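Consider the two complexes below, in which chain A is the common component and chain B and chain C are the respective partners.
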Partner chain A sequence: MSSSNPVVTFVTKTLTYRGGKGHWSWILHRLGGLGIATFLVLHIFDIFLVGASKSLFESLLFIYHNPVFRPALWALTFGVFYHAFNGVRIIIQDFWPGLFRYQKQLVLAVWIIVAILVIPLVGIDISNMLSH
Partner chain B sequence: MQVTLKVQRLNPETNSIPYWQEYTIEAEPTDRVLDGLIKIKGEQDGTLTFRSSCAHGICGSDAMRINGQNRLACKVLFKDIGSNVTVEPITGLPVVKDLVVDMEPFMEHYRSVLPFFINDDPIPTQERLQSQADRARFDDTTKCILCACCTTSCPSFWANGEYVGPAAIVQAHRFIFDSRDQGTDQRLDILSDPEGVWRCRTIFNCTNACPREIEVTKAIGEVKKAMLYRKI
Partner chain C sequence: MAINTKYARTPRPGGGSFELFSWFFMRISGLLLALMVSAHLIWMHYVIGLSNINFDVIAGRWTGPNGTFWRTYDLFLLLLGMTHGMNGVRFVVEDYIHSPGWRVFIKTLVGLILFIMVVMGAYVIFTF
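This part shows the complex of A and B:
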């Protein structure tokens, strides 16, 4: 059931711990950060390709048109907004420790703000996809 | 009621990878997980190893991960968690055997924050008086029993065992905010280390895990602020 590999053990123990809202917020925050970092590297490589070889860049454009790429962009949109607003929540709770009693409400506020921003954006993208 | 306890076991002398073992026992709904473990050890498997001392939530020796959450086995009733119970050792400390972990790394962090009264003034002839408000400032953090539930529920500690951990910060808070103590600067310097208070990611697992209901995340936040502004 368990592995002696510390990374596997860490991931297993993290995913199986029932820590509640703060725990899952932290996991999502980290995943969002990883997504942003991955996209940034991809983006820099992408721009580099335009300068280095336009034909190669154009020949690789099919990757962006792959149907899998679209949901990945929606996930990235969620990741960017979630990482930003959850980060603000953590800053607020660090500077005003007395607000720890309102953690549940603050976590909920983050989800509401992110939903307000992400759902319309994804909805517009889907309607654009369908109209083309 | 019939209770199935799935216990993570490890005997380093015979195997290096932990494994699960299931036990079924008859228990009262008001029995505690600790009662179940004692029953297994007494009636089914004498090799099952765990710590317990006072068995009343005071000594903090029976901290374990019960149904995925750090709890004291002597404070969790079967009626509150159901008849399928998973028990593992707390995470982040080396397992000695089954549910027993080596607490020394935890105690080392505890000792590192100077968890004792520091005051170089001449010893007064009477008590060092303190207002009720000054006493209330650190009242919450006096309740810590060093069970390690908080520290071993913290992902930052799981990832890096050098992190001083919530329990040590709570202990530091108890003295930093004591108006009679004069070791504040020393403790803040110790906790400003890269492995100190800034490793806290405000995850709140520590607060949820504390069997004494200490507002751990709040205490850590207060220490962070004290460090930032050098003001108590």
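This part shows the complex of A and C:
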């Protein structure tokens, strides 16, 4: 099935291709990367305002300080650590191809490392939010 | 090094020296970013804490005793992050946008965003 619409192509290929764990890691790596890139552009804008206009920067800080933004920070945190450690896994497998036979274990290791980093950070952040 | 035919690795691109350089660049910059962005995220967004971030905290960091270190650190985050990120967006564009006209248009846009963001970020880091 082919479509000229790239969004339709992405969605159909994503749902119909049966590549197992490696396939889902690849999708998450890509979506995470696009999300981080989007936030990075926003982040450079906000830091640009620090230099360009102190008053404008401070008047817009309520956006990041609003509790509604907090889940976005947690999603960003998960996205950054997942993309970082899944990326390290890809590099390891590229340079030592024999390790491809341990892909399932390496994917599991990525999830364990990400959980060890993300769960305490987000947990402490939630408890700090609740105590204020 | 023996080629393992049962488990195919990510193919190294055959599209010429730029694509080969790009392949290596994503891996080298990726390793540096994995360390530098993780440290930045934990320190600025959690240890200092998002709700404590304000103008004085950022200004103090750049103008304090370790100001030169933090400006250099942030400059590397800016350059590595934007080039790695926009090159990644370029990969996605090449995978899904097949119309030659749209492809050139969007890749030009991505290149412009890279240029503008690096200039805006570097301007703040150097002139603050």
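Methods note: the second predicted complex is superposed on the first by the 124 of 132 C-alpha atoms of A that agree within 3 Å, B and C clash if a C-alpha of one lies under 4 Å from a C-alpha of the other, contacts with A are read in each partner's own complex, and residues count from 1 in each chain.
One rule holds in what follows: a residue touches a chain if its C-beta (ideal position, glycine included) is under 8 Å from a C-beta of that chain, and two chains touch if they have at least 3 such contacts.
Quick caveat: nothing in here was measured; it's all calculated off a predicted structure.
By the touch criterion defined above, A:F10 reaches both chain B and chain C.
The partner that reaches more residues of chain A, of the two candidates chain B and chain C, is C.
Of the two partner chains placed by superposition, only chain C is touched by A:V80; chain B is not. Judged by the touch definition given at the top, the superposed model places A:A115 against neither chain B nor chain C. Of the two partner chains, chain C is the only one that A:L40 touches; chain B does not reach it. Once chain A of one complex is fitted onto chain A of the other, the partner contacts of A:H23 are limited to chain B, with no touch recorded for chain C. Of the two partner chains placed by the overlay, chain B and chain C both lie in contact with A:P97. Of the two partner chains, neither chain B nor chain C is touched by A:I126. In the superposition on chain A, A:L61 makes contact with chain C only, while chain B stays out of contact range.
When the two complexes are laid over each other on chain A, chain A has residues 4, 10, 90, 93-94, 97-98, 100, 103 in contact with both chain B and chain C.
Interface residues of chain B, counted against chain A in their complex, comprise 8, 16-20, 65, 67-69, 91, 153, 155, 158-159, 201-205, 207-209, 215, 217-222, 224-225.
Chain contact summary for the complex, chain A toward chain C: residues 4, 6, 9-10, 30, 33-34, 36-37, 40-41, 44-45, 47-48, 50-52, 54, 57-58, 61, 64-65, 69-70, 73, 76-77, 80-81, 84-85, 87-88, 90-91, 93-94, 97-98, 100-101, 103, 117, 121, 124-125, 128, 132. In the complex of the two chains, the chain C residues touching chain A come out as 1, 3-4, 6-10, 27, 30-31, 33-34, 37-38, 41-42, 45-46, 49-51, 53-55, 58-59, 78, 81-82, 85-86, 88-89, 92, 96-99, 113, 117, 120-121, 123-124, 127-128. By the touch criterion given at the top, residues 1-4, 10, 13-14, 16-23, 25-26, 90, 93-98, 100, 103 of chain A touch chain B in their complex.
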